[in-house]
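Here come two complexes built around subunit A, the first alongside subunit B, the second alongside subunit C.
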Partner chain A sequence: MRRNDHSQKMNSPGILGIPHEGVWIYAIAMILVALFIVLPHVTSSYIVSVILTLFVYIGYAVSWNIMSGLTGYVNFGYSLFLGIASYTSVILIIDYKIWWPFGWILGGLSAVTIALALGGIMLRLRGSYFAIGMLALLLGIKLLYTSKYLSPMTRGGYGFAFIEPLSLNAMYYALCFLSLLCIFIAYKVITSTFGAKLIAIREDEEGVGSLGINATGNKIAAFALSAFLGGLISSGHIAFQNYIEPESAFNMHWTIVPIVMVLLGGPGSVWGPVIGAVILTFVEEFLWSHFTQAYMMIYGAVMILLVMLMPGGIIEWLKGRGTLPKIRTI
Partner chain B sequence: MSSVLLEVQNVTKTFGRLVAIDNLSLSVEKERITGLIGPNGAGKTTLFNVIAGVLRPDRGKVFYNGADISHLQPYQIARMGIGRTWQLIRIFSKMTVMENLVIAANLKEGNEYQKAMEMLELFGLKNERDNYAGELSVGQQKILSVARILMFDADLMLLDEIAAGVNPTEQIKILDVIHELCDQKGKTFLIIEHDMDVIMEHCDKVICMNFGEKIAEGSCDKIQNNEKVIEAYFGT
Partner chain C sequence: MQIIPILIEGLLLGALYGLAASGLSLVFGVMTIINVAHAEFIMLGAFITFWLWFFLKINPILTIVISMFVVFMFCIFIYRITIRRIIGEMQLVSLILTFAISIFLWNFAQVTFSSTFRSVDYSLGSIGFLDTYFSMNKVVSFIIVSVIIGGLHAFLKFSRIGKAIRAVSQNPDIASISGINIDRIRMFGFGIGGALAGVAGSLIAIQWSIYPLMGQDLILKCFAIVAIGGLGSLPGSFIGGIILGVAENLGTRYLDSTLANIIAPLLLILTFLFWPQGLFGVEERVD
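Moving on, here comes the complex of A and B:
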């Protein structure tokens, strides 16, 4: 299977160079970004809300993929980081009157702190043990935030309403920027030596040690990065929702849906999660309104089918057909 | 100045009641090719695993360049300059040949791309550069395994049955490269082999193991005629 020719790219910055083929994907992306920037001035706030939700899902899917798509450690407890970041940012902005960008960044950092604290332990677990372990942790932390121990800060199980001092359009642009940031960082990671090491860890975790690669350190770094980016996005997301409570902040929905998006689009690729997010955000709008009870079941069924029939997602399928060049930058 | 690069001192390794390595001591001289032979189950690969840090010795120590590496992690040992290949080939099949090489050079930033191209040239893998490593022939995959550990300039190379399963041309190529590295670049090799011709023609010293113990050590001629070695392979 011939991949593209690197002979002209001897002095390229990354290990795999900048593509000449596939540059049209980036051109399309830039046109779309320009459209998104103009959008709030030409449409209703409902459309703005839908696209804002799209940015949130892109952010979640891309961030989840940076860790789980590359290393193969499926993080079923992703909402753990999202919920912690949400609570941290809201409490800081509402109770302590911190300026909202700092509140969001500190939200992301609180998620990183937890990732670093837990990573050393959780990442020793392999495969299903890691997946279930993270899920268990998520449920435990949700209980903690509901409990009397934290309720002075979190207001317990009922949560509370709030309004962050920024307009819908400001949130829209902030999340647009953050989702682009996530895509940019994913691009940087996947085309760098760091990304290659993560993929190598997925390929043969014990074998990488013999090449001098510290598997644990790299895994924890990816885990923390994915937590930080997810936390940033989640801080923006919760600002949009104007209500915070453990059940929704730590809801499995924010893990399952990004996972299906990544599986659909193509795990381990830069644009796979984005494509999956775009398709499924619009599908979800439809499913939510017509199948309110059954939509999670439908997601579960879709996940199983994807893993069985199209494990590489849309991106791998397109690369296999030759529609897309077989390079890591896509 | 000592010419011993690797020293294994009274190492014992057990798995439950199975004694895989029994109070074994050996040394590997710098810039030499040392052969490690013995019947299947003798403990040779287990010894490699102990040296490379994959397993911890229950007793005894391993010294590399005078430093005690017995309790280091595999990646730390690799960074000190010990490279190893595996009996069952372990390369990253879903990454390209080029990626496999470049990722191994992770310690020396900057010119990894160029170095990888040199490796491809040296080992005749240029045409396979952008193919998935999983699509190479067994012989090419073995060659790739050796090329990878050269990417991070390993000084001591532990090669586990590098000649098995490759065609004669590829075998000659691999051994030529080994000799060149030994004579001109000052690399040291400890190789496990079952092919006696390879051992006898290419090794400076041979160590024979059986049932976890060292039963003989010496030059090729001495080993060939050693009673214990003959008994280990062929019975009484």
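Moving on, here comes the complex of A and C:
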């Protein structure tokens, strides 16, 4: 099976996982990119903000997938990185008047710092211990941001309103670029030997260790990369929200949403999280405006059904039906 | 002596925590899944007590039996339609599945019950001891917890099903070839775990206010208790609960309430890192 996969990959390297045979996909991609570029000039700001949210969700899902989809270490504390990056970027941009792109990057780097510090400790734990431990850390750090000890910087539990010095359109283009960057990096990771090592960790961690590969080191690298990309996107996301407080910045919602998206699309694949994000952003927009209360409940139900009936997500399902070739690069 | 009343408060609170966590520990023992939805069963138990008291004016102490039974049946239903299909798969699958069940349940509660705080207006008065007054509700709940934990211990030790449950948690393969129907025993185990959560919820309802998100606020405490006591150990979770209860009460008294809430996640992570077996945990099975 593996050898067969390999030869197929050799025959059609393609771009971003799409084989050369699928020329029509390039056409659609071109049209989509052109559409995204002209969109802010032709439509209402409502549409722009929906598409912006779509970019944010694609970014979250793709970067959660880099760590958890590939290694199988479910990160229930993903919002931890998002919250820390949001706070860092907002405080730097508003209080220290740093140019916003630097503020966003520094936000991402602050998440990396935390990920490296925690990763060395947490990633030595086994699968479910790691997941529960991350959940505990998320709660602990959220409480720390609410407490009076950090309030000179965070303004305590009530948070504060702010306006970052950039227009909606600038935010839109920046997040569009960042989400494409996330997809590109995810593609590069998944098709590299680094990605292969991560998948091997998911399949058999002891086996990986016996081959002389440093499993913990690779996990920490994936953890940090996932935190960086998530942090970048989240810095842009908080700029769009114009308000920051611990309860929403560290909300469990920002962990649940990427998990559902990745499960729906296909964990460990390049395009699975993107497909999941596209479908669920529009579903959420519809549910949010029609069933404001019930939509998280529907998310829970969808998640239950996905785990039981379609554990590989849409991508694996299409591969199983033969619609997509069975290669790792998709 | 200021410290004695604080320790007693901690003991009363901790015993309840211990009961809340014991079901989680039992379920882990029987089928090695970490049930993230456990705290939602506690929330259901609390709401059953509240609605029975609110609409039918049933004495909240008596509703404990009803909520125990209802949550038991509900858990068996959940087990039959979801959990049994994923036993034996990777732990992550069960983690995500129970997490999804938890999301579904608390949002279901929020939609149907609305997210307001409610409380059962039921007081048994108070009892004086060492110049301090303790709420009689807490004392009664402590007695009920002790009876249930004791009863459960005896049940696991002496009854046929209890012995089978212990056999399945010690070695499912050997239990299976000895003629035990593992699927049935796991179903019972999951149901009993849920029933314990239901009782804990009912006891919480007569002491604190209840709301749909209460499970989310409790789940980490349950994890911390189970980690301290050792995964799968019943006395461990009872003692772990008391340790956490006392630590939180001391923290609230001598530090501040934010830091008191950080104690549970902190204890959890420290235990995972430095003492993964906990107090009474056994070496992890290799299978």
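Following the convention adopted for this analysis, the second predicted complex is superposed on the first by the 302 of 330 C-alpha atoms of A that agree within 3 Å, B and C clash if a C-alpha of one lies under 4 Å from a C-alpha of the other, contacts with A are read in each partner's own complex, and residues count from 1 in each chain.
Operating definition for what follows: contacts are C-beta pairs under 8 Å (C-beta built on N, C-alpha and C of every residue); 3 or more make two chains touch, one makes a residue touch a chain.
Quick caveat, the model's predicted, so the values are computed rather than measured.
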{"item": "Between subunit B and subunit C, more extensive residue contact with subunit A", "value": "C"}
{"item": "Touching partner for A:Asn214 - first (subunit B), second (subunit C), both, neither", "value": "first"}
{"item": "Contacts of A:Glu206 with subunit B and subunit C, given as first, second, both or neither", "value": "first"}
{"item": "Partner chain(s) touched by A:Ser63 [first = subunit B, second = subunit C, both, neither]", "value": "neither"}
{"item": "Which of subunit B and subunit C A:Gln293 touches, first, second, both or neither", "value": "second"}
{"item": "Partner chain(s) touched by A:Thr193 [first = subunit B, second = subunit C, both, neither]", "value": "first"}
{"item": "Contacts of A:Met303 with subunit B and subunit C, given as first, second, both or neither", "value": "second"}
{"item": "Subunit A contact footprint on subunit B (complex, rising order)", "value": "52-54, 73-75, 78-79, 83-84, 86, 90, 92-96, 98-99, 102-104, 106-107, 112-114, 117, 129-132, 135, 148-149, 152"}
{"item": "Interface residues, subunit C side, partner subunit A - complex", "value": "34, 82, 85-86, 90-93, 95-97, 99-105, 107-108, 110-111, 216, 220, 223-224, 227, 256, 258-259, 261-262, 264-266, 268-269, 272-273, 276"}
{"item": "Complex contacts: residues of subunit A adjacent to subunit B", "value": "1-6, 10, 12, 15-16, 193, 196-197, 199-200, 203-204, 206-215"}
{"item": "Subunit C partner contacts - residues on subunit A that touch it in the complex", "value": "72, 74, 76, 121, 124-125, 127-129, 131-133, 135-137, 139-140, 143-144, 146-148, 252, 256, 259, 263, 293-294, 296-297, 299-301, 303-304, 307-308, 311"}
